[in-house]
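I've put the structures underneath this note.
In what follows, chain A forms one complex with chain B and a second complex with chain C.
This part shows the complex of A and B:
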């Protein structure tokens, strides 16, 4: 079979298909203390998990937008190898609408970049976490996410933190999936679940629905 | 008699292997590929079962069988039909087959969804069809893409035999084989190693494979294709990998 072998140099490589994930995180004043510390630990765990998984590291691209006082993009979309883990601090009001609008703009721009480079991509994911109620108008942002979701152009994970999270507002962003309240401050469990779900999504093939993993490790499902 | 001689000019070989992701999830290989000769028609066909469809590995086989039957019996007629009528004829036959199998097993046709790639040659003419992703290439002096993958916006979306708009998405190609040395059908898993999307380049490995047909038996070639999919190509993708090749040997 010696002359019936194919060699690597006679084959071609393609960039792996990307899964853009935007974390939109509440860093308003009410997150001070244990909540922001736990959120920081969760984000760190998440980025490390993605980095350590062969497939997720090649596929996942993470951006982080925070809303606390102002709206900031603290992590830009890039390969995980080139990203550093942010240290989030809590301060100010809760401009959630503005943060979601910025995130949608960033996801749209990222998709354009992929398309221009001939890189395939999966449907973007947006994780929205808040422990309170927005201090700005969310009407436009909620309309944008709802329309994208209905057209199968976005998956959103709306997560409430603590008893004061405004679940009705989160629901307005998510016509398909109901918002879920985090069990206590179990950010670690949530982010572990998220990185595993990204790994599954990055291996999905045409026609395959990405099976959502069970959310019980981190969700407060009590009524 | 003459058709016997003509089809004898083409030799085909196929292989398919289960991808790394399906091994991990303990799901069967959903790719299928086949070559055949009948009634003066030489043909290769390949189908990639839809990831979420429960019986798509069976659906891939049924689609290949149905289109092979349709093309071997109807080749001459298809040369003069409108493209949309050819597509409609193939899909009618495929769907009838999927539906009857689904009915017998308490399933629905969508459980048998797959893509479809086919090339048939008779005399100087070829007819090819392509639905969904994967790739059809030809070797003239150089390698050329005959039909590109058609995905939706997302990497895990494409068109299947049971898609609502399958008829409109099934692309038909017809032409003369005069300057064509070989045809290649690839599932998207194999295409990941054989076609670079950014500059639309085909891998030199395809020429290597084409060369094997001049020196080896079909059995040896199919063994080699299987082994190379298993040991080399599969490492470039998580998906199932399949390939079907038809080479002119005169």
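This part shows the complex of A and C:
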């Protein structure tokens, strides 16, 4: 288990509003080789960008869940200062549904923590990336995200990696926005954009619907 | 001056009250009418005069109605004779406005005269002769008709016979500007009689967004021309946004260059430049700026200094890093200084419109700057942007460029700003678990306790800060945010000065982040924390209670630490359980949640007066968010924060798209 004391301190000292972000990343066998290398680089860039930005560093809380063979939480919610960059490896099948379910539960638990301590938070972000099709049943998970999104309690970024990504499945999770297919392995650009969106969110006050800005371009996207 | 000379050299206006003045007949019916007919000159009135006279005819006051009828008859007579002109140009942006704006607009071109019975109006117009950066002679004369039916001249609100009798009119100060030292917000009652108050707008200017084509938009390193400061070089770009870019220029001032010049922008800037303006700390346009082809591309203003409020003091750690010497008194002083600038604008009937912490720069608590002044609401030019947290309940959902803000609207934003300064970064309305912020504002869900209202703000630093406010400050916040009864900028300044004084005298807590609720001196008893050993103050009742139960004394920081540990443990347990939950169980939970969702929100609702009233009048179903009271669908447009990032964000997305 991670060092509880360190995490607690930030919840204690820092009353800033939080942006909880959960990355749900495909680390199945098909990601072996260049894809997983690029993904690792992207995640590293993302976490560094957040750490470097004054405001984002105070607000963003990142958790990472991977699905490849099994489902694993590789990074827990905490202040970025206290987190280390994970090293992801690719193996196994694609239990996407289970991963999303776990992520939603983790986000709920974190929100409860904020609520108990009187810490403001923005509605969470879930970034879902996959390069193929799920090998488990995604129905319940998709229903949960759809429900949350419809009630404005979740923002989801569904990303398909490469030509084999199952966009239809990704669409099932996201009633408001169409999924985006990454061209090639341009993780860096996406994560750069994500970190900047977080910065924008950190610079606003909870309640400013900043998401209407970054999301709009997405609405114009076509596959 | 003889009447004939007047009507041939001056453009003469006659105000409604003069048309309706009972003793005006000898002059209006005979003297003026004859003089105009013989010399084939005309007298002018604005369309507003026609409106007012028409309105008064329908008045229930018999005398007023009679006077109005007489005025109408007179005006018709003038019209038949061809000696009157109603001034109302449909394309002109000033059509609906009072004479004051027109006088300001035309005084450089013509000699102007006004005949009015209204003392205050006369003073305002006369004051135009004194004020302004506009170089023009004293070419505005104001007259009235005395009780003998004779034309007489006003002298800054003083009638001729009053001067002869030695009774001086008040405040004859000749100083044109109201220059304020940055740190002053003194309690001396300010002399505001010489301030040129702009007319309040009547309907928002729309449809003037016709773009003006510009052959070249200058960039850093290039030169621009200005009216007031000659040729300047754009030294370096300070920032870029959706509207355009801002540059530091070679004379130390700042130039804003629009990405798209429009007629509305141009007209508004010209109006702003005509308004006499001299206030340190407000970055008002000082000159138009032109490219090398003489096309107007933006304006010049004084440079601001310091850091953006939103980005420098709304996180505890940032506040401590940027302004380590501040305490609570500094926060009060900061609020006073910002409001002092806003008051300057309000005195002139200029409404900021989009008061928000991105438009305020802080060098220190006694040196602040208001920026983005070109978005202010001036006469009929609306402020086209807004911020949800600063928008009052009645305006939530309306499009900002489609309506003119009133001072009522503005005072809500002012109060919100004061709140967010004294509670650094915390907006007044509840954020968690409830509706969207717009909804919370509409429902007036103010969570802090006052009087009988216990409030549902969670235990924590914000509640502690609230508890340490003086009674007055709490009362005022509650009045505005829970009872929807707003106070003016000036009243806030008074309250804040009182608050600052109390802190200075040691009567109120000077900590920005108190660690516990306030305890009255009589109830306070000192104890020692079992865990960390520090001495702290506890309520005597609580101590007795703990003593009875044999429990230890634990200070708040230690209590919170314990709570955080427990909460983290709960979270870890929940995560563990999540990993072990099956899909079937999840589905069941999902369905259960949906069924109970409808009934759950009732418990969490606030019982503040305004909130209850809002709910009583709401016709929405239980549990669903309250629908907008406006007929148009709730679409709120607002400026991206910050503009430069927004541009880059869009750019990135486009890049991703196009690769």
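Methods note: the second predicted complex is superposed on the first by the 194 of 223 C-alpha atoms of A that agree within 3 Å, B and C clash if a C-alpha of one lies under 4 Å from a C-alpha of the other, contacts with A are read in each partner's own complex, and residues count from 1 in each chain.
FYI, contacts are C-beta pairs under 8 Å (C-beta built on N, C-alpha and C of every residue); 3 or more make two chains touch, one makes a residue touch a chain.
Quantities reported herein were computed from a predicted structural model and do not represent experimental measurements.
When both complexes are overlaid on chain A, the residue A:38 reaches neither chain B nor chain C. Using the contact criterion defined above for the overlaid structures, shared-chain residue A:73 touches chain C, although it does not reach chain B. In the overlay built on the shared chain, the residue A:13 is in contact with chain B and with chain C. Judged by the touch definition given at the top, the superposed model places A:131 against neither chain B nor chain C. In the superposition on chain A, A:121 contacts both chain B and chain C.
When the two complexes are superposed, the chain touching more residues of chain A, out of chain B and chain C, is C.
In the superposed model, A:54 makes contact with chain C only, not with chain B.
In the superposition on chain A, A:166 contacts neither chain B nor chain C. Of the two partner chains placed around the shared chain by superposition, chain B and chain C are both touched by A:203. Taken together, the two complexes place residues 1, 4, 7-8, 11-15, 17, 55, 117-118, 120-121, 203-210 of chain A in contact with chain B and also with chain C. Those residues of chain A whose C-beta lies close enough to touch chain C in the complex are 1, 4, 7-8, 11-17, 54-55, 58-59, 71, 73, 97, 101-102, 105-106, 108-110, 112-121, 137, 139-140, 143-144, 147, 152, 180, 182-184, 186, 189-190, 192-193, 196-197, 199-200, 203-210, 213-214, 217-218, 221. Chain A makes touch with chain B in their complex at residues 1, 3-8, 10-15, 17, 55, 117-118, 120-123, 153, 201, 203-210. Considering their complex, residues 19, 21, 24, 48, 50-53, 56, 113, 115, 132-133, 151, 153-158, 160, 188, 192-199, 201-205, 208-209, 212, 215-216, 220-221, 223-224, 227-228, 232-233, 236, 238-240 of chain B touch chain A. Those residues of chain C that touch chain A in the shared complex are 310-311, 314-318, 357, 387-389, 420, 425-427, 429, 431-433, 436-438, 440, 457-463, 557, 560-561, 563-565, 567-572, 574-575, 577-579, 581, 583, 586-587, 590, 594, 636, 638, 640-642, 645-646, 648-650, 652-657, 659.
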